[in-house]
Every structure is written in C-alpha cells, then in structure tokens.
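This is the structure I want to talk about, given as structure tokens.
Letters are used for the chains, namely A, B and C, taken in the order the chains are written, and counting of residues starts over at 1 for each.
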C-alpha cells in the first residue's frame, strides 16, 4: 500500500503570524507620524537601543544555536563596527548612515583573519579565546589617541543635523536592521545552506562524510554573525553619538545576548524575539535596582538553563507545536 | 532449569531508535554461549543492556533470579557481571597495572588477583608500568580481559575479542579461556568469527536485526543453517537443546 | 633585564595558582568554568570579611577557609554543575557565566566597588636581597613557592593516589569507568572540591599581594586560561610553565610601556595559539 508524503514548511499559525508581523511593521514604520509629540523621541531611542541588543542576540543565536560555536567575544565585532563607522564618518566625510553598513562590512571582513586564530580552539575554550581576542580589540583601540584613546570620542559628523531628523532616520535604520536580521537568518536557515548547518550542528563527522564543507560553513556563519554584530554596533553608536572602548567592547553585550537567547530559546528564530521582549520588559521595570537587577538576570539565566533547556519559547513550542518562523520541515502523511 | 542469566522479550532503544525487538535468551551456570550476527544485529546492544550501559525495563533481564534491567553499571558489577568491552576501551591515561586496579574497584571477593592474572598473561607483568594503550592489540585484549576478571565476576561477557587481531593472536587469547572457565565461570562471547564461536562454545544464539534468528547447540548446527540465520534468509529454528 | 625576568616569574607564580584549578576541572570533566576568576575574588572577599569579624591572623583565616572551599566546591558541582555536563558546551558556559554575574553583583552589593586588600602588617612589602643587588619581594616569593608546591602536589595526587586514578579514568572514558563501579558524579565533585581549595588559596594571596575589587574576576579568568593554553592542556607542570611565561611576557610588556603590558600578554598567547595550538607540553591523548 503506497502512502504519499508531503513536505510542509509552514502552517496556518505561521501564515497568520507573517500577516501580523507585516501589520506591525507598518505601524512601527509610521510611528514618527502618529506618536504623541512628547513621547516620539524617547520611544524611538528606546527602540533603537533594543533593536541593537536584538540584532546582536540574533547573530549570537545564529553562531551558537545553528553554527554550534559558543562565543563570548562577539563584542569584538560590535565595537569594531562602531569604531569603523565613526572613523569613516568623522575622518573620511562619509554620511554616518551610509557608514553603518560599511562598518558592518568591515566587521565581516576582519572576522576572516580572526577566525584563523579563534578556530584553533574548540568548545568552552573557543568561547574564552574569543573573549581574549575581544580584549585585544578593546586594548588596541584604547591606545589609539586619534579616536580618543581610553576615554573615547564623539560622533561629530552628525552635528549639523537637527535632532528630530537624526532620531527619525536612526529609528528607521534600526527598524530596517531588525527586519534584515530576521529575514537574513530565516532565509539562510531555510536554504540548503541552512540544512547543511543543522547537519553540522547535529553531527559534524557525519556531515563531513556526506561531503559538506564543514570548515567553510563554519567560517561563513562566523563571518555573517560578525557582519550582523558590526551592524548592531555601528547602529548603536549612531544612536548614542559617543563611543569608548569600554562601552564598545564590553562583554556585557554578549552577556545580554546570551541572556536573551537562552531565556527565549536557542536555535529557534522566535527565541531571541521572545527573549528580547522579556529583556526589554525587565529592563524597563527593574533596571533601577542596579546590582540586584543584574544579579536577578544572572540567576534567571542559570535557572532557565538548568530547568528549561529549550528556553521559554522552546518550552511553549514543545507543548503547543507553535512555530512562527518555521524552518523545520514537517512530514505530513496523506492517504 | 535455574538459568543464571535470562532475558524475556528484551527490548532496548537508543533514543527513539529501537535496537532490540524482544530477545529471549537463557544461560546456565558454567556454560559458554556464543552470540553471533552481522554488524548492527544488536549483539553489542545486548551486552550493554545486560551490563546496564543501555537502559532497559527492570524485568526484561534476570540474573541469579533477580531482575537487573535498568540498574546502574556499578551495581551490576557488584552483583557479579563483568564486561570485556568491544574495542577493549582501556584507559589511555592509566598504566597496565592501573587499568587492572580499576577493574578491582568494586572489591568483590574471589580467586582472581593481579598475581594470578600475571600468571595467566605473563607478558602483562613485564609491561605493568607502561601506558595501557601502548601495548599491541593482542596484549591490550589481555589487559581488557584481566580488568574484567579483577572484579571476580560469576558471569563474564566478552564483546568481540577477536576484533582487529591477527589469527595467531586470536588463538592465543582463546587458548586462555579454559583457564578462566576452570572454576566454573560462566561466559558469553560475542564473535564475528563464526567458526571460532562454534568451536569454543556449547550453544549459539544468532542475532539478526535485533531479533534472535537461530539458537541451538554449537555441535548440532550446520553451516547452512547458520548463514541463513546470519543473513536473515528464510526463518529457521534449530532443534532445541 | 634580569629584574624583569624575576618579577615576571614571581607574577607567574600567582597566575599558576589561578590556573591550576581551571586545568584540573577541564582535565577531569571538560568543563570550562567562566566564573573561575570571580570565585577567586569571592575567596579573597571571604577572607576579608572574616578578618573584619575575627581578630586573628589572615594566614590562619586562609587556612581555615580551605576546607570550607572544599565543601563549597563539592556542593556546587553536585547540585549545579553536574547537570550541565555533556556534549554541548553551552549549558555549562551559560551557567558559569551566570554565576560570574551573580558573584560580581553580590560582592558589589555587599562591599561596594572600592578596592580592598588584606593587611599583612608589612609582610607584603618585605623583600629579600639576592646576589647581584636584586631584591625580591618576600610575599611574591612565597607565592611562587606555594605555586610550585601546589603543582607538585596535584601531579602527585593524579599519578600516585587512588583518587587521582579515578580522575584519570573518568576523564578518559566515563562510561567504562562507571562500568567499573565508579560514581562519576561523586568523582567530578571531588575534582571541583580540590580546585576550589586552590581557588581559595589564590584569592587570599591575591588580596594580600594587591587590592581586589568585585569586577576583577574576568581578567583573572583570562590569565588562568592563557596559562593553561600556553602550557598545554592536560599537564599541570605545563600549566606552571605557561603561567611563568605569561608573567614574564606581561612584565616585558609593562617595561616597554605600562599601557601595553596586558595587551602584550594577550598577543603572545594568540601567537602561541597560531603557531603551536596544542601548547608547549600537551598530553598526547585527545
């Protein structure tokens, strides 16, 4: 008796979600026009900040959850993107908004030589090794007086533009980055490359025996994650207007990314989304508590890792079968 | 007959993949039984299930009348089952002597001591301080057997003793078996070499794709019966013992 | 030049104590403890806090702290870290990273960000005169001696004792070790317990030698890690040599320009990683 089998990628839930996301995007893009005058500025700035955290977390998720490479040094590319953007804008007269993708590009490029060193290590030691590299970046930039050395410098190139225009442009750029980050990761993972990546993640040796170029794939993911990290960094400092080595290369960026991804659920696209929302909410209500807040974040990350290995979204997904950005292929039997 | 080891409808899984589909197996004290079958037939899984390395249902396996399915490996060693693992799996960071000492970790009483092992395999006494994995394949197999014997088991399981060894070395290993069985040790050997298995054992079980495809007295089974059962052609059952 | 070398070696002694615990834990159970440095600082603050409450010598407090550290390490491994072990390095990384953040903020809350140190009544400024007109700090020298002693003791523990044999066996092949009757969870916890004794010792000495602040942990972690990698994984004497090399490298860097000292250490580490990734004295097994 022959059974026909179909491969399904989405279901009604994901299609609804896609429509919903489109509506949301439209609403968000028009925010500068409908937001109350007193709030527009702060809302936009808040969004830019969370967009940077989110984009960075998405890239960390791509690297760790799909590439199988856990890094505590992605902040190297975050800061590098920021500094390249600033250098191009301040010294080469490039429009800062154009300099943002250029900074991202630079981060992607520098990831190649960095990988020669970083890929010498595996697993937990790879993680710490990337941290050392990030520290080298931090100390190096901290010793360059042209960009203010240890105390940093300001983004002077935006001085001429009025606040409203600058903030709106930054906001739209941030929105574009968020959409681009989600789209990039989603399309990448749905492609044949993505399947190869999942195969590598599940069993590297088996994947290699199937003819998959493991090293090439890992490098590709590392470079893409660096690009995304640099994008987030460049965008952040366009919004922040001031850069310093400690802010640019702080390990906290990765700490927050890890938090968002782990709480939300690693290896799933919705994970960082859920994690970023939770993080934003926690930040909004508790960040005034300073050290207690951070302590709580740390404890939460520990508990979720130990109890909910799939993160909170992963837990929900396992229970309800929901998937908003489906990358898995489901086999559906049809008689 | 009071079987020393008996499995009834034993099933075992690796995650979601089922490896054993209901194995019925029986072994009396003092017997030497061989388990044969192609790669992937489930022989090693069976060994792992008996020794607790693979989890199974509690009553699927009975040893000396007690259910042992699902117990941790350390507990099963204490009860008197020892495994010579497939591929030897000696500890590379330990010397020959230290590997043997690890075998005696559970401190079961019995006739086997390091001195007695060195009498059985004199070459090991010479190499006692060398890293265990620096020895030749055959010598490593001796260490692995010795390590299992150090726990003074009543049931010894040997998984693919001849794997990767030259024929002359295989003969040397199997020549030592009578000395091991002299005091009534019960032995199960898993073997790829069917002729050797038939030669040394009293009964044979043939596994095929996770099931018993043939069992009977070694002296009574024909080549044809065995190869049919080995490869799963037709379904034969030999006259019962 | 000789003085730089000697200062570097003395510094390396302390780095060795930072690194031994990490080397031990990674060697036995492949766990990367990203909170290593923070636990060292925690140990330092434990001594400092006890000093405030009890009026006895800091050396005595440090010694009394060691068995407590042993118990703490054992409990931490059994209750928290054992469940993070496995093929995936992420859970142990996230959990230890989380612990790092928890410790830093807890210390910040309890002690504020002001650097603190342990009063040794001038011991930390005493020095011994060596031939050639060089004077060597007594405390750094004691630290170096303790580092060498600790390395030798660990090596002895691993090679000559029942426990060390268990460590090596469970690290080689956990499944087969359990087949022999070993309780892997207990053995792992013993390893962490020993590592925490070293951590507590390192913390106490660090606070005597210089000041400590709640956020100092991560940098100490990096030094420990670099020492282990340079020396080669799987070898305690290798860790000692790696630590000494790191100390000397940093001192040379400091000499050239104070701002570049640590940077130079990082660069040399990365260079060793590129040229000889297995380190200087790697154990042959994978």
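We take it that contacts are C-beta pairs under 8 Å (C-beta built on N, C-alpha and C of every residue); 3 or more make two chains touch, one makes a residue touch a chain.
Please read these numbers as outputs of a predicted model, since none were measured by experiment.
Chains A-C form the pair with the most C-beta pairs in contact. Most remote from chain C, judged by the distance between CA-atom centroids, is B. Each chain gets one centre point, the mean of its Cα atoms, and the points for chain A and chain C are 33 Å apart.
In whole angstrom, the spacing between the mean C-alpha positions of chain B and chain C is 44.
If each chain is reduced to the centroid of its CA atoms, chain A and chain B end up 53 Å from each other.
None of the residues of chain C touches two or more other chains. Only residues 26, 30-32, 34, 80, 83-84, 89-95, 97-102, 105-106, 108-109, 218, 221-222, 225-226, 229, 259-260, 262-263, 266-267, 269-270, 273-274, 277 of chain C touch chain A when the two sit together in their complex.
Residues 51-53, 72-74, 77-78, 83, 85, 89, 91-94, 98, 101-103, 105-106, 147, 151 of chain B are the ones touching chain C in the complex. Partner chain C is touched in their complex by these residues of chain A: 64, 70, 72, 116-117, 120-121, 123-125, 127-129, 131-133, 135-136, 139-140, 142-143, 251, 255, 258, 262, 266, 291-292, 294-295, 297-299, 301-302, 305-306, 309.
Put simply, chain C touches chain B in their complex at residues 165, 168-169, 171-173, 175-183, 283, 285.
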